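Each of the next two complexes has subunit A plus one more chain, namely subunit B in the first and subunit C in the second.
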Partner chain A sequence: MKALLAKPWIWSFIAALSVWLATIAVTRGASTVGLSQAALTFAAFSVLVGIGQMFVITLGPGNIDLSVPATMTLAGTVTLKYMDGQNGLILQGLGIAIMVGVSVGVLNYALIKALRIPPIIATLSMSFIVQSAAIWTNRGLRIKPPQVLADFTTLTSFGIPNIALIALLISILAWVLLHRTPYGRWIAAIGQSLPAARMAGIAVDGCRFVTYLLCAVLAAICGYLLACFSGGAALNMGTEYLLMSIAVVVIGGTAVAGGDSNVPGIWGASLFMFLVVSMLNTYGLGAGVRLIMTGVIIITVILLASGRKAGAR
Partner chain B sequence: MRISTDTLRLAVPVVSLLLLLAGVFYLQPRAMSYTGLNLLFNLAVPIALATIAQMLIMAVNDLDLSMGTFVSFVACVAATYLHDTPLLGAAILLAAIAAYAVMGVIIYLRDLPSIVVTLGMSFVWAGLAVLILPAPGGTAPEWARAAMISKPPLMPMAIVASAVLAVFAHLLIMRSSFGVLIRGVGGNQRSVLRAGWPIVAARAGAYALAATFAVAAGICLVGLTTSADANIALRYTLLSIAGVILGGGEFTGGRISPIGAVIGALTLTLAGSFLSFLRISPDWQIGAQGAILIIVLALRLLLNRLESKGDMA
Partner chain C sequence: MPLSHPSAVLEVANATVRFGEVRALDGVSLAIMPGECIGLVGHNGAGKSTIVAVINGSLSPHQGEIFSDSTRLAPYGIGVARSRGVRCVFQELSLCPNLSIVENTRIMHRNLGGFGWRARVRGIIAASLDAVFPGHGIDVGGPVGALSIAQRQMVEIAMAFSDSGQPPRLVILDEPTSSLDAGLAAQLLAHVRRFVATGGAVILISHMLNEILETASRVVVMKDGKIVAERGAGGFDHAGLVKAMGSAVAHQAAARRSHAATEPVLELSLPKSQPFRACKGEVVGLAGLGGHGQTRMLLAMFDRHSPQWWPRRDPAVTFVAGDRRENGIFDLWSILKNMTVASLGDLSRRGLLQDAAETKRGADWKARIEIRTPDMENPILSLSGGNQQKVLFARALSTRAPVVLMDDPMRGVDVGTKQEVYGMIRAEAEAGRTFVWYSTEMEEMQLCDRVYVFRNGAIVAELVGDAISEQDILRASFEGAAA
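So, the complex of A and B:
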């Protein structure tokens, strides 16, 4: 029990669970299944972008990928346009989404490395260009996703939404990558001290390149799935995922200063972020109060989580 | 003659601003007039103020993701309370500045990531703004309106205000002992602490001063637009960060340049006008803005190279 409480990710789960209980206490158990399934589905999208962002944040201070929303939008619009509602093109569509991610990732890192621009600004400038490309391809288009894929993203197997299963699979892969491969050790080392990692002979540039690539690809896949889930791509479909991807990583217990990351916490934090909004909706509060409450809750969670760490030290 | 590093640091923003200005004049010679210049730079004044605010936060190695929502909140207060009941309005704004100071102290004392705390606060400010002004509206205080449309002799108001702001911020942050203390906290907090300086006071001061500039930004914005909206300044968060970096500031180490930051903000504003004069398709407007950002930063790299070559000689 003590070992469990010492885990940095446990707090995000406790927070998510208490919000869940507070919500179903009001609905008196009605729509509990619906709420849980919706939470898992929407959390899954945050988890997908959150994992990519987590790898980037692990690289150390200043490493944040702001091009996530634009990449999601571009991948969503381009793939839907390509698939044009035909079930036979689903796999090719996924391939194109990955290609979009790869190109954005390569360009992002090219800017960071060749021009030595701070990553936040490099990815920000890149996101402007990617967003423009999305606007250009999207031009008044309203294409429906292939029926099979739309069904797959909205249905459940064994009571768990398919999207959540995919996110779970990717989370497990991310966990293995982080804790059981040299790559995971390398990016943690880079995040703790870049000069030290370089002296230790780690291929710093290679690692950082792969990380930005990974983040962009995950964002692109998330955009592809989200566009199919919501029945079409929209130009603002990625907007809320900018702050969301950062928030779930940090609330989940990953060190903002880098070098210490944490996959399970992203799930807790993603569920928490969705459940807070639905709890406040259930209580029937106005938009203003809901926003204030969301902010207060985020700050409270980060205060509690950091208080534990200070005590443990 | 040896050029000092600070001068060289300032050279890039100045050169890029002049190049853009030359481009605008070439495309639209009529902009080369009192009214033309005022129209070009009008919206730059609030952005420059917000950029100085962000710069103060970045000077102590933090980052403020709530700048946009905070300026929107101030704009809403200015268009309602400050207009109808000036005393109450002023009290609300003072309380908001105090909240910023408290936030700075809490971030330091609890060793919290500023990104997450300001992210949480951004929801709080957005919520308050929605509560104050559920629909766009309100009226700008007469004095703010008068100040923003005033026509000083020789130079348009926008240029005069930017110049005054640049000189004032430079004196305040680069020439005062308080400014040195703030930049010292950003450079090496521990050594400042060992030298016996009150870090808590320095951080509270930096945050309060930042909030003061942000309040000024909100009031100026309302003076320009005459009414407010809860989402009026959301893009200021990213604009202000980009402005600081464009102006030669850095994310860590207390390396900032107030004059550069003001010029960075002017450059960002001008980039928008330049693109509309170029008659680029609206689809690519945002993308071209990203491209300009990248070109300016590439220019800076080039000059930095020259600088290091000069050191070797």
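So, the complex of A and C:
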């Protein structure tokens, strides 16, 4: 129990569970299954972008990818346009989404490395370019996703949403990558001290490049799935995932200063972020109060989690 | 302790300063009289900077007393020192580049506040600059950032000599001429003589022994935290001074071998310098005074041979950092992870890390290099500095890299550990590894097969075998002539 409490991610799960209980207490259990499935589905999208962002934040102070929402939008619009509702093109569509992610990742790191622009500026400027590209491809069209894919993203297997299963699979891969491979050690080392990592012989540029690539590819896959899930791509579909991708990393107990990350926390935080909003909706609060409450609750959770850390050290 | 020099501007009596196991000052007594210029010499780590820090109040000695004008000053600190007229010009420039010269002067002279301070400060600093460096051509209203390094040094020196109502009585100049050209240096030294003639006191630290011999009225030689020689002007000549700075302890000559026949594994040519090369199984030393380009060369060699984009399975070089807080240790990690980070490729199979292999590697090196910890999973910060340094050695030596670059790796390491590591370096060299070793400690250069002496970013001498002696290294680093 004590070992469990010492995990940095436990707090996001405690928070998510409390909010879940508080919500079903009000509805008297009427929509427990529906709420849980919705939470898992929407959390899954946050998890996908959150994992990518977590890898980037692991690289240490100043590393962040602000092009996540634009990448999602571009991947969504381009792939839906390409697939044009035909079931036979689903896999090619996924391939194109990944290509979009790879291109954005390459360009992001090119800006950071070749032009020596700080990541926060480089990825932000890149997001304007990418968003413009999305507007240009989209031109106000609303194309339906292939029926098979639309069904797949909205249905469940064994009572668990398919999207959540995909996110779980990717989370496990991310965990292995982070904790069981040299690459995971290297990025954690870079996050703790860039000069020390360089002197330890780590290929710093390669590691950082792969990380930005990974983040953009995950964002693109997320955009592809989200567009199919919501029945078509929209130009603002990625907007809320900018803050979301960063918030789930922070609430999940990953060190904002870099070098220390964990995957489970992303899940707890993603579930929590969705459940807070639905809880406040269930209570029938107005939009303004809801936003304020969301902010206050997030701050509280972060304070609780960091307070524990300060006490332990 | 009785007062031996009642009229001294400042007197340090029996000061001892310890950093961990190292005695940076070992019972030093020094009295600075009005109207004298003390030349302070000694090689790196001799304790010069420490005695300066004690005098200017930034470091409290663990033992010892400080007197000024026949009164004991306790407590003593930077504020007290300044009010007694102690001024210091450091080797590292300490001006704020974003502020103007006038504003920088105002920061230094805290008593110059009040309405219209700009005009007053401008007058004071301009007068001082004119006095020390006539014809300097510096606009005192301009920002410091626009000045060259030499001009910044001039401003700092002028600030130290400026009189803002609290006249300077003792000015400490730590390597003041290192960034000045010969003309400016002559102007400064002339001003020092004038200042001393009017009853001021100066402590002059310089590696330019000629400056010391020409300017100082008394020369104090430090070594290993002690004053080993002290004579009036004319008591030393150049050679005598070099000899006094050197080690009195006789060394047993380490077994050295000639490597003329083997292929060089590492070569580098520096601009305006003798070429550098290192052969298989050789221990090559980089000597000379601190900050004369040795670290820069090590970093250049490391950058050239280490991967940037794609991890190499067979690393060409590995690095042992001396500044372990800055570029050695990963704070958040365990001892084990810190040790294995450079050889993760060897410890993984099909891309996945093998825990068992890593644990075994950790246990092997824990025993081999005697890392004093109950558990390699403990955080790295639970170790003492010396043991952290051992972990860095283990990190480097456990790679398969044929060349080990070492950047003054023994900083803060106790004597016992040093001996262990020396033995290990010797054994690894026998086994065919090449070591390039920068150190400021003469003793360590004696362990090398070959030594390059650096001065101003270039190699000025190559010493082989029995020619590697403290005196030869010192002579080469001061004169820049081939030994």
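In this section, the second predicted complex is superposed on the first by the 313 of 313 C-alpha atoms of A that agree within 3 Å, B and C clash if a C-alpha of one lies under 4 Å from a C-alpha of the other, contacts with A are read in each partner's own complex, and residues count from 1 in each chain.
As a working rule, a contact is a pair of C-beta atoms (placed from the backbone, for glycine too) under 8 Å apart; a residue touches a chain by one contact, two chains touch by 3 or more.
Keep in mind it's a predicted model, so treat the numbers as computed, not measured.
**Q** Thinking of the overlay built on chain A, is A:R180 touched by subunit B (first), by subunit C (second), by both, or by neither?
**A** second
**Q** With the two structures laid over each other on chain A, which partner does A:T211 touch: subunit B (first), subunit C (second), both, or neither?
**A** neither
**Q** Which partner reaches more residues of subunit A, subunit B or subunit C?
**A** B
**Q** For A:G201 in the superposed arrangement: first (subunit B), second (subunit C), both or neither?
**A** After superposition on chain A, A:G201 lies in contact with subunit C alone.
**Q** Can A:T58 be said to touch subunit B (first), subunit C (second), both, or neither?
**A** neither
**Q** Using the touch definition from the top, say if A:N162 reaches subunit B (first), subunit C (second), both or neither.
**A** A:N162: touches no partner chain.
**Q** Touch check for A:A287: first (subunit B), second (subunit C), both, or neither?
**A** first
**Q** Between subunit B (first) and subunit C (second), which does A:A189 come into contact with in this model arrangement: first, second, both, or neither?
**A** Touch partner of A:A189: subunit C, not subunit B.
**Q** In the complex formed with subunit A, which residues of subunit C make contact?
**A** So the residues of subunit C touching subunit A come out as 302, 306-312, 315, 317-319, 321, 326-333, 337, 341-342, 344-345, 348, 351-353, 395, 399, 401.
**Q** Which subunit A residues qualify as touching subunit B in the complex?
**A** 61-62, 64, 66, 111, 115-118, 120-122, 124-133, 135-136, 139, 243, 246-247, 250-251, 256-257, 286-299, 302-303, 306-307, 310
**Q** Quick one: in the complex, what on subunit A touches subunit C?
**A** Going by the criterion above, the answer is residues 176, 180-182, 185-186, 188-189, 192-193, 195-206, 209, 255, 259-260.
**Q** Quick check: in the complex, which residue numbers of subunit B touch subunit A?
**A** 65, 106, 110-113, 115-117, 119-131, 134, 238, 241-242, 245, 250-252, 281, 283-291, 293-294, 297-298, 301
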